[in-house]
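Two complexes follow with chain A in common, the first pairing it with chain B and the second with chain C.
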Partner chain A sequence: MTLPEWMSVAGENGPARPARSRHAVGSRWVRRAANGLAQLMAETLDQRTTCSLPGYLQGLDPRAKVVGLLGLVVATTLVHTGLALALAYAFAVVLALASGISVRRVGQVWLIVPLFTLAIMLPATLNIVTPGKNVGVIWQGVQGSLGPWRLPETLAITDTGIQAAVRMTGRTATCVTLTLLLAYTTRADRLFRGLRSLGMPAIFASVLTMMDRYLHVVAQAAHEIHLSKLSRTIRSGGIRQDHQWVAAGMGSLFRRTEALGGDVHRAMVSRGYRGDVHPMTDLTIRTQDGLFLVGCVGLAVMMLGLG
Partner chain B sequence: MAIFSLENVSFAYAGYRPSLVDISLAISSGERVALLGANGSGKSTVLHLLNGLYFAQSGQVRAFGTVLTELALDTAPFGPEFRRRVGFIFQNSDAQLFCPNVVEELEFGPLQLGLAKDEIRARVEDTLNLLGISALRDRAPQTLSAGQKRLVAVASALTMAPSVLLLDEPTAGLDARSQGRLLDVLDGMSERGVTLVSTTHDLTILTQMATRSIVLSEDHRIIFDGTSETVLNDEALLTQANLMFRRPER
Partner chain C sequence: MHIPDGYLGPQTYIACAAVVVPVWLVASAKLKTSLRSSQVPFLALGAAFSFVIMMFNIPIPGGTTGHAVGAVLLAILLGPWAAVIGVSLALIVQALLFGDGGVTAIGANCLTMAVIMPFTGWATYRLIAGNAPATSLRRGLAGAAGGYVGLNAAAFATGTLVGLQPMLAHDAAGRALYSPFGLSVALPAMVGEHVVLFGFVEAIATGLVLRYFQRTDPARLVPDPAALEAPRSLLKRLAIGLGILTLLSPLGLILPKAVGAGAAWGEWGSDELKDVAGYVPVELARIESTWRAPLPDYAPPDQAEPPMSRQVLTYVGSGVLGGLVLVGFILALRRPLASPDRAS
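And then the complex of A and B:
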């Protein structure tokens, strides 16, 4: 076999052309997305680690946790006073510490929640949505109209608007923290089994369990697709080409996922699966689960009493 | 007596060209059979047909005297009994390992069969020790290497104590020690009367894997059915099936 002339050793066909700086930004966002996938994989493994810690919540029956913590989430959404919200948040922090989850980890909620909540709540701080005492004037002018809408003479932030935004942020952070506790301390398959025994249809529980198991495989495949592209990239083709590449990668991943889904189903059928998964251990409610539920109900009643 | 038979079976995946053309073969209880062929020759498809995961578009596949159809496999007692008796080790271990950790993977099959939990625990422990993978018991599948995944996939089929084991490229990706251990286990199963049907590319271990070899051509037909020694000594056959390629002297 004779190789074509151009297949000579590197360097003898002229130097590779370096990346053009004006297109470098195109590659960066793809790289960021790929790094996000790698982080997702790491976080999935990390979450499995916290689930197996010998902590208080980890030792409870998943049904008790689902009912207790989600019950507190509902109570949190119904209360208005800062004291009631503070009680719920303090309870969540105590549970986290008793379950071996660091305050730093629980506190990460405060890095993300205010960003999104405040963005949503921003209009509610204005006098045109929430009347109250003006604490900061944004715009002042003559009263006019914009089509059918009457424009106010003054656009300002009100004290009651700020209170509503802060309350909403606190409420959201507390709800997210309580929900994260459930995820951090309950292995996904046990969580779905718990939901199943609380009435979720078997097919949903099976699909969710499979999703959790294969999320990592799909993320890994996507990461490898990116790495294989990176290893052959000499210069960036710009954002448009990156968009095309990402779309092609998504298509390829979809085909692989579909094939894997078929293989998994056949592997399950081959080992006797007939529509429902039989677990090795049965879920049992014990005294500690009952005490946890009583505690959650007591706190919820107290919070509702505070208003 | 034949426990499996394929009679003039043809099969094509939807939208693709035929994967198998007019295949006829019979496999008796206790045999060690290897399916040989180049990539895409249809070896894995034969295993899927034998396991009742695909169904022939023409011809018949029989197992234990019953024609394999979706209806037959959905009906008790044949369906569950068939699944108990026939284990399948898939080529893609990621597809086979769908449970959260290794122990639950090994428990899955016996649980679906309704075995007693004490019996299941004992089987799991024995199988973990047999394959030397006790240290992996609590590991999640995604944290295992390719070779470890393969051993766990084998273990997950062994806990069902099948009388027939279908293995799709069982030694692919295994290091030398793991490969040796797996072959030892297969020898032991064969001595106990388990029927073994494997696909492989690896001619160096063919005689250890199987006494009988069936060779599929690249046009998806059987071109040889005989002893493994005969296959290895037939260079023309191996070349025709694209299992061997002799490079010209340089």
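And then the complex of A and C:
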């Protein structure tokens, strides 16, 4: 079977190739964006699934989790010893396992921020950033310059530099793990209601809840925009056309979002919305929430004691 | 540009939150009067849009891609206060639900990307776009310039916050407890990549989306008549502020005298430099003599030690003269630089 005439590009030998080919590398970025959006939607669905699993943290009141886990995040940013950070991280891992979150998922957290932090912190292990006792010499006795910069005579990794890098990476990993525990064990609407009852202005809590609800819809619309581009791309039209397509995509998404906002508002008004959102269930603090809070406060005090 | 947890010490993240919370309250109050009951879905969808727009890849020559923050675009389309709320909420959800940006750094991230970025970008856009018609090219270029300036202002603020950490939080031996990179590393690293690359990505996204609206929905970009009045009152307030500052300028003369401070670091004349360094570099002495200012050091000319009252008067007079010269210069440039659209 041969391609019809109209699918061939005039003036070139052979038929035009589909977007995946090396001749259409210009569409890789569309595929990457579409994959990113699909991943975002999958992640939100995955979070919702994990939130409904039977587990220790899932059974707690969102306010207790917000105060306890975010309190531990703050405590983690205040401590500097490896032991204190290790305690907080171990506590987070135990909580994750008790809540049905797999070790793999806890490990995946490292791919988000801590590895990035480790990469950024590598130069901080050097004596030119963090002076200390040299534990590994990279070069010595060099005299020269690199453009306007004079090269140091000795470039070495220092013990204090390694400590600083490990501390920063450990601290970041612990904070991200604690924060994601909250996200993976608390439905967004309950999380924002918890924040509301802890003093967040009502308008913020309502907007956040609704934003979470429609984020999936807007992401889906953006995903469709990218898929339609991919499915119609035979070859790239050049960067100028690509830029115009991105702008049209963003503009079109804005208009769809705005129209959806109007539809949602009219639907809310027709159901009796007058500016206040009333939750259907009440949040209640039980003994297990109190025990969890006591545990978190105790750990935070211990961490601060260790310094 | 999202700062994670652990990079900023408590002094910084608490201070940033203290700055951002009042801005949120003002933004919330401003929107309450303008959006009424549709505020909740409008803002929620605006925030979701702000979140998703960050996931659009924008191709860059050379085969790589970047993504826009979209804060300036949102500020131009919805107004800066709506952008403050929309981008802030997107950042809060990113931090709480996706671990992108730290929970303790929410205040800092919102300050840079949800406050500094939309306001500087929007002000740049307004300054350049002026009263140009909705479909003019100037308005599209103004959007691009706004995106570029806004993103770089946010990058500068982020680099400054991170770079201040070694100074603000260190142990007894002087070692940093949080981000170990000082301003000399953090600022060039953060600002450099945005000035050279990502600023242009933001400019392309903002400018081209505005051009898209100019083609498809120009009514959206028609300047609000009330807003057009604002520059006049703004100019009046600026003039009053400038006058007050000019009158207060002699404080810079009186206070150093009162506390016995020397010349500002790096602003030495050759005689002061001789005291500091022990000699005057030959080239410096040669170049220094090429131009004689009419009012050297904002002081009366040809008087070694004039009385303080005379110095103060000359100082204020210098401020007035400098201001008038600058205003005259800008007015002289206004006509040749004004867009032909404006005359219509």
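The rule we apply is simple: the second predicted complex is superposed on the first by the 249 of 307 C-alpha atoms of A that agree within 3 Å, B and C clash if a C-alpha of one lies under 4 Å from a C-alpha of the other, contacts with A are read in each partner's own complex, and residues count from 1 in each chain.
Quick note on the criterion: a contact is a pair of C-beta atoms (placed from the backbone, for glycine too) under 8 Å apart; a residue touches a chain by one contact, two chains touch by 3 or more.
All values reported here derive from a predicted model rather than from experimental measurement.
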Chain C versus chain B on the shared chain A, clash or fit after superposition: fit
Partner chain in contact with A:Thr77 - chain B first, chain C second, else both or neither: second
Partner chain(s) touched by A:Met211 [first = chain B, second = chain C, both, neither]: second
Chain B versus chain C as contact partner of A:Arg187, first or second or both or neither: first
Partner, of chain C and chain B, that touches more residues belonging to chain A: C
Partner chain in contact with A:Gly272 - chain B first, chain C second, else both or neither: first
Touched partner set for A:Thr117, first chain B, second chain C, both or neither: second
Which superposed partner A:Glu258 touches (first chain B, second chain C, both, neither): second
Contacts of A:Gln244 with chain B and chain C, given as first, second, both or neither: second
Smallest separation of CA atoms, chain C relative to chain B, angstrom: 7
Chain A residues contacted in one complex by chain B, in the other by chain C: 188, 210, 213-214, 217, 260, 264, 268-269, 273-274, 277
Contacting residues of chain C [partner chain A, same complex]: 4-10, 13, 24-25, 28, 32, 36-49, 51-53, 55-59, 61, 63, 65, 70, 73, 77, 85, 89-90, 92-93, 95-100, 102-104, 171, 173, 175-181, 185, 204-205, 208-209, 211-213, 216-217
Contact footprint of chain A on chain B as seen in their complex: 48, 51, 53, 79-80, 83-84, 86-88, 90, 92, 94-96, 98-100, 104, 107-109, 111-114, 117, 120, 138, 140-143, 156-157, 160
Touching residues (chain side chain A, partner chain C) in the complex: 25-26, 29-30, 32-33, 36-37, 40, 43-44, 47, 70, 73-74, 76-78, 80, 109, 112-113, 116-117, 121, 123-124, 129-130, 132, 160, 164, 168, 171-172, 175-176, 179-180, 182-183, 188, 191, 201, 203-204, 206-215, 217-219, 222, 239, 242-244, 246-251, 253-255, 257-258, 260-262, 264-265, 268-269, 273-275, 277
Complex interface listing, chain A residues touching chain B: 45, 48, 52, 187-189, 210, 213-214, 216-217, 220, 260, 263-264, 266-274, 277-280
